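Labels A, B, C and D are assigned to the chains in the order they are written; within every chain, residues are numbered from 1.
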Amino acid sequence: MAPLKLGMVGGGNDAFIGAVHRIAARIDGEFELVAGALSSTREKAKASGEALGLAPDRIYGDFREMAIRENRIKDGIDAVAIVTPNHVHYPAAREFLKRGIHVICDKPLTSTLPDARKLVKLAEESDALFVLTHNYTGYPMVRQAREMVANGELGEIRVVQVEYPQDWLTEAVEKTGINKQSEWRTDPERTGAGGSTGDIGTHAFNLAGFVTGLELESLSADLQSFVDGRRVDDNGHVMLRYKGGARGMLWCSQVAPGNENALKLRVYGAKGGLEWSQEDPNYLWLTPFGEPKRLLTRSGSGARDVANRVSRTPGGHPEGYLEGFANIYAEAARAIRAKMAGEPIPADVVFPTVQDGLAGVSFVDACVRSSARDAAWVKLA
Amino acid sequence: MAPLKLGMVGGGNDAFIGAVHRIAARIDGEFELVAGALSSTREKAKASGEALGLAPDRIYGDFREMAIRENRIKDGIDAVAIVTPNHVHYPAAREFLKRGIHVICDKPLTSTLPDARKLVKLAEESDALFVLTHNYTGYPMVRQAREMVANGELGEIRVVQVEYPQDWLTEAVEKTGINKQSEWRTDPERTGAGGSTGDIGTHAFNLAGFVTGLELESLSADLQSFVDGRRVDDNGHVMLRYKGGARGMLWCSQVAPGNENALKLRVYGAKGGLEWSQEDPNYLWLTPFGEPKRLLTRSGSGARDVANRVSRTPGGHPEGYLEGFANIYAEAARAIRAKMAGEPIPADVVFPTVQDGLAGVSFVDACVRSSARDAAWVKLA
Amino acid sequence: MAPLKLGMVGGGNDAFIGAVHRIAARIDGEFELVAGALSSTREKAKASGEALGLAPDRIYGDFREMAIRENRIKDGIDAVAIVTPNHVHYPAAREFLKRGIHVICDKPLTSTLPDARKLVKLAEESDALFVLTHNYTGYPMVRQAREMVANGELGEIRVVQVEYPQDWLTEAVEKTGINKQSEWRTDPERTGAGGSTGDIGTHAFNLAGFVTGLELESLSADLQSFVDGRRVDDNGHVMLRYKGGARGMLWCSQVAPGNENALKLRVYGAKGGLEWSQEDPNYLWLTPFGEPKRLLTRSGSGARDVANRVSRTPGGHPEGYLEGFANIYAEAARAIRAKMAGEPIPADVVFPTVQDGLAGVSFVDACVRSSARDAAWVKLA
Amino acid sequence: MAPLKLGMVGGGNDAFIGAVHRIAARIDGEFELVAGALSSTREKAKASGEALGLAPDRIYGDFREMAIRENRIKDGIDAVAIVTPNHVHYPAAREFLKRGIHVICDKPLTSTLPDARKLVKLAEESDALFVLTHNYTGYPMVRQAREMVANGELGEIRVVQVEYPQDWLTEAVEKTGINKQSEWRTDPERTGAGGSTGDIGTHAFNLAGFVTGLELESLSADLQSFVDGRRVDDNGHVMLRYKGGARGMLWCSQVAPGNENALKLRVYGAKGGLEWSQEDPNYLWLTPFGEPKRLLTRSGSGARDVANRVSRTPGGHPEGYLEGFANIYAEAARAIRAKMAGEPIPADVVFPTVQDGLAGVSFVDACVRSSARDAAWVKLA
């Protein structure tokens, strides 16, 4: 089958996540990048498009222009990847969704809760698919963990411990050198009301929900901005109460020296516990209560179909972040192809949805509201 | 020098911590066990004393009797180790303190806050020393971590993450088999108002304070009893606000399958971070911000005097729980010998005090009060 | 720049390494697969080509046919990936090299030493490049380790410990189920005289040489076939003497339960030591003698330009086997593009060569000869 | 029961292993040190004895004197610990064995093979017990590993990988500072013909034999002295052939920067594999072929009676080197008490014997002989 035709909004020369999306789209050969509005600055958009080898007439200075024209031309893009700063997600997605072009959008869904709600509405009204790249749900052993919980192998879930510490904002961005990343990700106008909560707390929250299937009832958050002058939180402590009685803690930080991208999930039930770390993603620790710990490895003896289906290499040949990310693209491709063929989306296709995105933005909103009220318990709005 | 003469209250045949104290007291040859009121049951006290080879006239059926007689006889005990269930700590300690016999007491200090306060008063009025076995402060690399923080090597401390999960109470004690441990440790009359918070949360709280030197301002706690019919908490989530602006999270649990005794402390400051795990106590991870992680090993290249002084073996010859515990006894011995010689206690002697014990009982009390008020912020009473 | 046009020999439907090569070629968008002789069976070659979406006229039933036609047509392939069983490497490579088509060939170079020598001669006479996919040399932290040794940071190298244990051949292939992999890789006609020595020992030998820059003087090998009826070695113990005085041990095994793909290299010099494990490839342990161990992470604080140049993601976003493999393809692409532009190959392009391949086949030959002579010391032929 | 009365030969003020023996003897309260010939220098012997609080008349300047007098006096020592440099083991042991005093002797057995043989003879003729402190056999999880192999849980053993690297002799002792340890341990007159092979290679060899129960058929050794002027080996590579067909590799080194005391054993059989590391001794990795790895922990869910019997603390309360060492003393005490009671030694008492010691000295001798003959295969003499 010919690759799907992909456009990209954002992801110009000095961006981080745009390059990640491009590799992820490419790994399985399911997408071909053919168009782009790669920057909000026209010259940079042009230079970036040329650097990527796009045809000159498919390099756009503006995402709306791209949506309009790609929708009209023969062989226009099938899908668009939106990889801009957060505040652009909504206006960009809108232009494509309303023209029936499938959207693959980076997280968090939007920079504000109202935008998130409008985007949900738009997505639900559109024929096009909306895929959110909460990429950690693409890791094979995360898929397996989810299945194990769903199967009841851990018993009723009691305790969830999830954390996502980093250290790259330990010092003021002025001190370590302003780069595009540190600049917009600490600017509430572009990143949203949450800093670490929005950037990585949403990942942690999403991962915990994805694996456990639990729905949040309320949370109590204590957020801090440790670096002088920082306008968004750079550290967050959150207590979680899930419906049904499970309880949890979530920690996100961008000021924890020695942590690069240390997302970690631990889930404990009445019958067992499991543990997974993003930096060593090929391993899943499982302890049935009263038995020795087991180290399950991706594609190894304890790996199951649900994990093997989204693996590319045998056990001991480590897969990483890009492969996990690529699994979101691969799932998107399967769904898009089904749509294009007028068939139902296969039941085993799994990807984060616009509803998951709304939950994430609601999580940030709730953290900010709770923290403003001295860590009062609040529900997701 | 001849060993100090030690008595013991509690620690009869089927106890866990009594045997630990006896080995800890013996490792450095500083103490000799010569008397005991090893059980509240006379027959058991007798059998236990005989099993330990105590002289018949130094086996007591009652701690008060022991305090009185040992105080009177020539060569009576110099110190007593109190290793009973929590509710007996206060009445037992009282009898010895008021007779000038040094007390080495297991944690938590007492089962109630009023008892803790009374014990502080008694200890302060007594000539005798009061040593609390928050044994984790005896680990060499914990001592080093503390010195590093005190030296400012981590910069101003911002974030403290401490946790102490276990799994031995995952099921109802009736199901896994009632033993002496699980019985009294889940009975609020004997263990106190806190279950996991009292038994292990106090250790975590103490360790965080010991290493960082921070004083708690307030906490917000969400405690649970996951096992049906359990009358004390078996899992606790606590947010911490330290004086001066540092923030923290504390998790204690006895229902987290796959965790044996997984006390872990992580401390992050403006200039660096460190990490230590009780189950692998010979290692201390240090990251000066912007530099690679370093694995400091006990008695290894990065170990310092403060750690080496309380180490017995070269690097790579692992020391463990008993050696860390023994360091508390060794420090106690140094202090007691100084007292006996009428000299000041050497400045580098470090052991947990009755005040640390009061802080621990206040911590449990605050957790219980906060949790009862829906995790409201409360100060230590 | 348009992607280079790639053909493939071998790598049909049930192959393992063909799929790896295809992903590796795709990750950076530098190659496009346009032609293939994907199986020695015509029907399978056709079915495999169709499954990969190749144009019907570029699906070949025979590699010679492909070489001839692709050499003639406009827009014929720029390079070919040879991913067949070992005994086909030489005849296939010959057809392309002599027509000036660049060759990217899986390891070991050939199944016999005479073939290896002929291939070296052919490659040296050809204008085309020959790239051998000793893929582990593509890992960023391996590149960094090599630079550190070359810089003298470890001092004069004394000891090399390298091992590559697996467990997938622990039982007879008849018992665990014959698959294409286990079948040809245990058949001396196709795999060569060495079993584990050829399949993975060559990787270990190559990696040790790549990182240390040392040249082997002689070896002493004790090879075993533990599984009844196996016709090639499934475990090999080798002592190494390098020129200049360094000494080493090499262990390769396919019968070591609990090992998936556990290639590990440790290098010790007069001033320091380092350690790297393939299954956790983002980490490099470095110990300058007398200082604490340091954990260097890919793209982290201790990572250097030589590693960063071949990394795609920030620290903490793990890269794996496929990215390391893709680095060989990326280096090949840089070299090929330089060739096509008539420019010298950039000085920092690094890939395993046909000479490295000859060294590997010589290593296997020497192991087999030594083992046959009761582990006598032999030189590489 | 009253503690056994222990004397000590060697172990004066600046010794390392003497202090270890004293703690090990004390941990379980089974021995009381009452006499000593703690140094070959009379003044130092006196000072050391006083520092340990020995009665003046039981401080000896000479081991023979001690043997004679202690044998005569009422309440003379029951056993003697010999912790001198290697060349004194034989003459010292002789004096006690021939007087019926039990001997607990450090390893290696002797500094020469003839001495070892004479000592075997003496020990076999004596009524006294001879216990060799190959202390690593005292670790609980080593005991369990041994039982698992004996039970056939790993199937027929095929491959043994054992290593013991250190780094403390990386530089010339003149450079790092001569201390008592580095001085005699690099002097062939006192340490014996082997350097690293004798000091730590014997431990590795003993451990492999202890766990697997295999007997060596022959070995091929390549020994080096990397440091200029060093008169004994500081690095050794050894290939092993066991009776019955198992094969192994042994590496010992004292010049491997980053290794403190990294004794590690891996054993692979037809049905499974196991792995144990001395620096993390509470863990035992077990992989039944085709199943996930299991992490067995001391006193944890997968621990067995054979390990639990020699454990003192619950799972998660790490035990270390001293506790493992103490287990040798505890076993010795059980055997000695049985002897004293005229009863047979209990069947489950396990300790290294004089025969194990002879095997160790023979191992060193064979390594030296083999290496001198260019790593020819030699049998243990």
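In this section, a residue touches a chain if its C-beta (ideal position, glycine included) is under 8 Å from a C-beta of that chain, and two chains touch if they have at least 3 such contacts.
None of the values given here were measured: they were computed from a predicted structure.
Undergrad: Could you let me know which interface, A-D or A-C, is made of more C-beta pairs in contact?
TA: The greater number of contacts lies at A-C.
Undergrad: Measuring between mean CA coordinates, which chain is farthest from chain D?
TA: The most distant chain relative to chain D turns out to be A.
Undergrad: Could you grab the centroid distance between chain C and chain D? Build each centroid from C-alpha atoms only and quote it in angstrom.
TA: 43
Undergrad: Please report how many Å separate the Cα centroid of chain A from that of chain C, as a whole number.
TA: Between these chains, centre-to-centre, one finds 35 Å.
Undergrad: Just how far, in Å, is the C-alpha centre of chain D from the one of chain A?
TA: 55
Undergrad: Which chain D residues sit where two or more other chains touch them?
TA: 259, 286, 293, 297, 300
Undergrad: Write out the stretch or stretches of chain C touching chain A in their complex.
TA: Interface residues on chain C, with respect to chain A: 1-2, 16, 19-20, 22-23, 26-29, 53, 166, 259-262, 278-282, 297, 300, 312-323.
Undergrad: For the complex, give me every residue of chain D touching chain C.
TA: 154, 158-159, 161, 163, 167, 170-171, 220, 222, 224, 226, 235, 237, 239, 241, 247-249, 251, 253, 255-259, 266, 268-275, 285-289, 293, 374-375, 377
Undergrad: Over in the complex, which chain D residues touch chain A? Could you list them?
TA: 286, 290-297, 300-302
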